[in-house]
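I'd like to ask you about the structure that follows.
First chain written, first letter: the chains are A, B, C and D, and each begins at residue 1.
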Amino acid sequence: MLFTIFAALTVAGAVAAISLRNLVHSVLSLILAFAGLAAVYLLLGAQFIGFAQILVYVGAVAILIVFTILLTRNDGTFGHSSQASWNLGALIVIAVFGTLAWAIHSSTALHHAPPPQPEATMQQIGTALMVRFALPLEVIGLLLTAALIGAATIALHEKQERP
Amino acid sequence: MTPLSSCLLLSSLLFSVGFAGVLMRRNAILILIGIELMLNAANLNFIAFWRYGSAPEALTGVMFVIFSIGVAAAEAAVGLALIISIYRHRKTTQIDRMNSMRG
Amino acid sequence: MTWIVRNLWLIPALPALAAGLSALAKRHQRRFSASLAIGAMGLSFLLSLCAFSQVMLAIAHGQASRQVVNFPWFQFGDQWLKLGWMLDPLTAIMLVMVTFVGLLIFIYSTGYMAHDDNFTRFFCFLSLFAAAMLGVVIANSLLLLFMCWELVGLTSYLLIGFWYHKPSAAAAAKKAFITTRIGDLAFLVGMLWLFSQAGTLLFYDQGAGCLEHSALTAMVAHLTSIGMAASTGIALLIFAGAVGKSGQVPLHVWLPDAMEGPTPVSALIHAATMVAAGVFLVARVYPLMAAHSDTASVITATTALQVVTWIGAITAVFAALIAVAQNDIKRILAYSTVSQLGYMMMGLGVGGVAVGMFHLITHAFFKSLLFMGAGSVIHGCQEEQDIRRMGGLSKLMPITFATYAVGMLALCGFPLFFSGFWSKDAILHAAMGWSISRVPFYLGSLGALLTAFYMTRQVYYVFFGTSRLASHNEVAPATHAPHSTSATPHESPSNMTVPLVLLATCAILLGAIGTPAWPWFDSFLSGESPVFAFAGFLEHGILPVMLTSTLIVFLGLALGWWFYGRKPILSADRPDALEQLHPGIFHVLQNKFYVDELYEHTVIRWNSALATFSDWLDRWVWNGVVMSVSNLVLGLSWLARSTDTYLVNTSFDEGCHTVTTSGKLLARLQSGRTQSYLRMVGIAFAALVLVLIWSARS
Amino acid sequence: MTALSYNSLHHSSPQAADQIFVIVQHWIVGHAPVGLQPLLAILLSVVAIVGGFGLLFAITTILERKGLGRIQNRYGPNRVGFFGSLQPIADAIKSLTKEDIVPQTADKLVHLLAPILLVLAAFSVYAVLPVGRNMVLVNLDAGVLFFFAIGSVTEVAVFMAGWSSRNKYSLLGAMRAIAQMISYEVPLILSSLTVIMATGSLSTVSIVEKQAGYTGILPHWFIFTPWGFAGFVLFMIAATAESNRSPFDLPEGESEIIAGYYIEYSGFKFALFFLGEYLGMFAISGLAITLFLGGWNAPLPFLTWVPSYLWFFAKLLTLIVAFIWVRGTLPRLRMDQLMNFAWKFMLPMALLNLITAAVWHFMPAGPVRWLVSIVLVVVPYTVLGRNQMHKGHLEKRVYRFAE
């Protein structure tokens, strides 16, 4: 029941995000979708992921997008692609979704009783991150640092060259 | 409908919506939004398979999503910085006008 | 294991920290860096005293006087390379000496360097030097010792060249560095050899160290192809390092030149500590030097020790002879230092660790006293260093004069009341009883005579008679001392004189710990409790030697008085009394036996000839080969280009045209629009899934 | 998972006073049908939180106005009630009855949603704040993370308010606020990470429990360690910036951009913004108390008989007074100073503080550990502080033309 509500919320937000004409409205709907997805994560018992989803996507990514929107003064042509390519795109998307849904529906591997709720305490996640996944964690840290520096450089670059 | 397949269905729906955004919009920022949606759909898949799959105590799905979120954050930061940079050059965020590399 | 042993590393670490912090200090933060350096050194001194009393207590309670702390550094293969430090009587006494003298010199430097622009840099280097020296002292591993040893060399280079804007100072620094490097190379080779033989570089490691019984017997038994025991070879190579550092013949040439550095540096490095490091090294590896195939514990003269003795004896006389004819106040002291270092080496060779080390300790005190006194004189005389231009300073600088006189009498070995007498006497006594030859004894006596003579000469020149400085200053107005208000010599400030007085007290009192009646020093080093007995004087040969050396000292002093004190020296330009007597010999001595010139014409000329030859080889032979190859290649490439242009290109252009046309067709697919690519991907994905499911069904 | 763990409670008198609210809640819930009991329990807690902190909001407004008045040598409100003590009620009535003005060009829906989202987010974080023994709405395993996650939602609300008003000042204020919040969120989280490292838990309840106990009369609060002290100071500075209070109140700097992102709000919506801001401040102070000041633990061992929630609110009031005092004392920063301070001082200090906490954790207890930790805190503080003074243009300003 709850799952259906949150799933509906998520999909509605996603659809609004890609179809609204106003970019800021799009981002706000995107935030709705993210929040709905976080709720779904919580329902699935992934507490950490749920909160991380809100912290990262709502608190950081969405805000970043908002900043970008405000920094790139748009010329008002929020328009869609040309009618032909729009039709083609819609067709392809429907085809992709159709095949996916059909695959899920027809898969026999999925038809077994749901197992009991697995444990994912913070303790376990922390231990896993620090022990088994220590190297990936460091790589991610490195990647984020590189991205931070890279993004700052790309975005600052022009400002200094300008007279 | 088992819980797993409903999760997967939601995820595929989300993915398709994101894909539609990428295919059908011309604004770079909206395309980025679409990509984020697709990534989130993938994350949902991981979580769903962790929840209902075998050996959940290994936490592989959760770990994968943690790293995926990290990568997505980096990707968003760099992508948006690129958009800003391109906007400075060409005064547009419409992706079909960014075609100076075209042969 | 007590607290102090576990934390012995703090002693060098504190000055090192001070050096690091003063390196960060700004140029004007003089007080900060000086107080940092002095504070760190003071703390090190206190810790050293703790360590010293710890050793004393251990001896008094009859425990093992040597304690080591080893720790693994890094792993190679399945072996761990270990480093460590140790506390034994030798270390303890050196620690106290180095930190105490160092502390006094630091304090003295605040006065001496007060007007220098690079005050903070000076204290940074000085602290670093002290850290490195203390590292040498506490090291329980030849490798750690070598690292600190090299650091000592580096800081010495930095300090000698402290006034690098003077070309002579820069040259002297370079010379010191390169000359000691020759010795260090031998040291390194010796160290590697030792490692291959013993498998460890730790000195003491619960029976597994390289200075302990099992390793020594193995090395003694291992004979090299020329019939020499491995231990002897290693010992000689390590000794070569000590020769370089301690300025023994033939590598002594750098030490007098090193006097270009600031005087506190000369006092610290080239009198008290660094040059003593060589002697200390020999003392440290003494078990290796003395390793003998006989298991008997009696000290017999091994080949290595014989070499040490001979080098020491020759150096003692050689340098003393040169010192007689020098006119620079610091150079005289420098040659005197070389000569005294020779004594120490000789003492180590003939009498063992205690004899040599006792002279090292007493010498450290009175020689740094002399250097600092000389610095005070130089400071008072507006940077004048030529003793012929001084004179009559005894009234103008009374404290300096009194302390200098104490130092001079201690150096000469004036009987009974001065430490130098006892330490030198011990060496002479040991040389007298040497089993191989009596010649070192005679050489040592001659050296003592010369020492008394040249010191008398110097004191008469500097402190007695009338001042010859004024006349000089009229000719050349004081340009390098703008801070002084008057041209007349003046007494130095209290932060320079107080260390002098303290050192003078030590120079007198220290003799008491090594008299034959109460050989405290000897027994301390060997870890026994000392016994007081007047009978010590009556032991075989001691009284005659004491009488002989007393006679020799008085003879030297009298000779000095005869030549220089009888009638006052009036003019700076008058030739020296000895020069009047025999100009030829005097000139040879004044030019230091032409050793520098000898090196100039042999080693350095050979070196530059070789360099020129390799340059020529480079320029003509190798370059010629390279040039001809390149010309060949150029020719080939010209050929290839012509072929290309006229043959290949034409046909290629044709082909290209075709490709371009077809490429343009294909380029329509590559629109540069990501979205159209993605569309393709979407279609392909859907198709792929359909095909997979369909094939799975059928 | 509610705080009302239905275990047997000892009804001895001090504990009865301590647990009085819990007992009352049990009693009420006991009368409801079994199926509705958990829901009712949560509802009661929510009502208690909303009521309690709403009351605190009212008290704080009058406290702040009176306090600022004292600091600025004036009376402050003194007309309504005894020495103006009923002023909040008057304020409430005024803002509820005022006309709600919405700009014509505004994005009406977003304009309406912004204050609601802000207040919702501000109230949500109280769910994980333990205000007393057994008095927490939900003891989440990832409580601190929840706090920060929900806290970041306020940024979205602020953006919505600023953007939807279609006013350049409100947009500027919103951008400033978001930039500031993002910048100070980093040191905020990093400085609380030290506590998480020390306790090995993200649950607020267990963090508080880890700080129970005393050495002599010194409680085991994290503020009484070098890293904890540094962390607390960093946390409070960042918290001041997060709640947009002076000296970090650039987003609403009246003199420059009038009132920042809520220029175009009036009446009840404005009151909601006001409430949201204050609730945010209380919440972050509550988190500071939980993380560093021992939560509801008594400061001295012989004072443990005082009910735990009283301690929590005493600490909260102390921090609020400190906030008011700071507001009355310090002038506002410039934007560049603000950013420099965040990235060049707070961030490195917070990172180094993490190292200090790790060093503290791995060194054996004793004076050496204290010495090393203090050095690790003081030296970077001195170096970075001097650096800021010289290069961050934080030195005393010299007016060239004014004198």
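One rule holds in what follows: contacts are C-beta pairs under 8 Å (C-beta built on N, C-alpha and C of every residue); 3 or more make two chains touch, one makes a residue touch a chain.
In this text, all values refer to a predicted model and were calculated from it rather than measured experimentally.
Centre-to-centre separation of chain A and chain C, using mean CA positions: 67 Å. Distance between chain centres (mean CA atoms), chain A to chain D: 29 Å.
Remark: chain B and chain D have CA centroids separated by 34 Å (rounded to whole angstrom).
Of all residues in chain A, those that touch two or more other chains are 48, 52, 60, 67, 81, 85, 89, 92-93, 96, 100. Not a single residue in chain D touches at least two other chains. The residues of chain C that reach two or more other chains are 675, 679, 682, listed in rising order. If each chain is drawn as a node and touching chains are joined, the picture fits none of the line, ring, star or complete shapes.
Pairwise chain contacts present here: A-B, A-C, A-D, B-C [touch as defined]. Residues of chain D touching chain A in their complex: 110, 140-142, 145-146, 148-150, 152-153, 155-156, 159-160, 163, 171, 175, 178, 182, 185, 200-203.
On the side of chain B, the complex with chain A involves touching residues 2-10, 12-21, 23-27, 29-30, 32-34, 36-37, 40, 43-44, 47-48, 50-52, 56-57, 59, 62-63, 65-67, 69-78, 80-85, 87-89, 91-94, 96. Partner chain B is touched in their complex by these residues of chain A: 3, 7, 10-11, 14-15, 17-18, 23, 26-27, 30, 33-34, 37, 40-41, 44-46, 48-49, 52-53, 56-57, 60-61, 64-65, 67-69, 71-72, 74-75, 77-81, 85-86, 89-90, 92-94, 96-97, 100-101, 104-105, 107, 110-115, 117-120, 124-125, 128-129, 132-133, 136-137, 140, 143-144, 146-148, 150-152, 154-155, 157-158. Of all residues in chain A, those touching chain D in their complex are 24-25, 28, 31, 47-48, 51-52, 54-55, 58-60, 62-63, 66-67, 70, 121-123, 126. On chain C, the positions that touch chain A within their shared complex are 675, 679, 682-683, 685-686, 689-690, 693.
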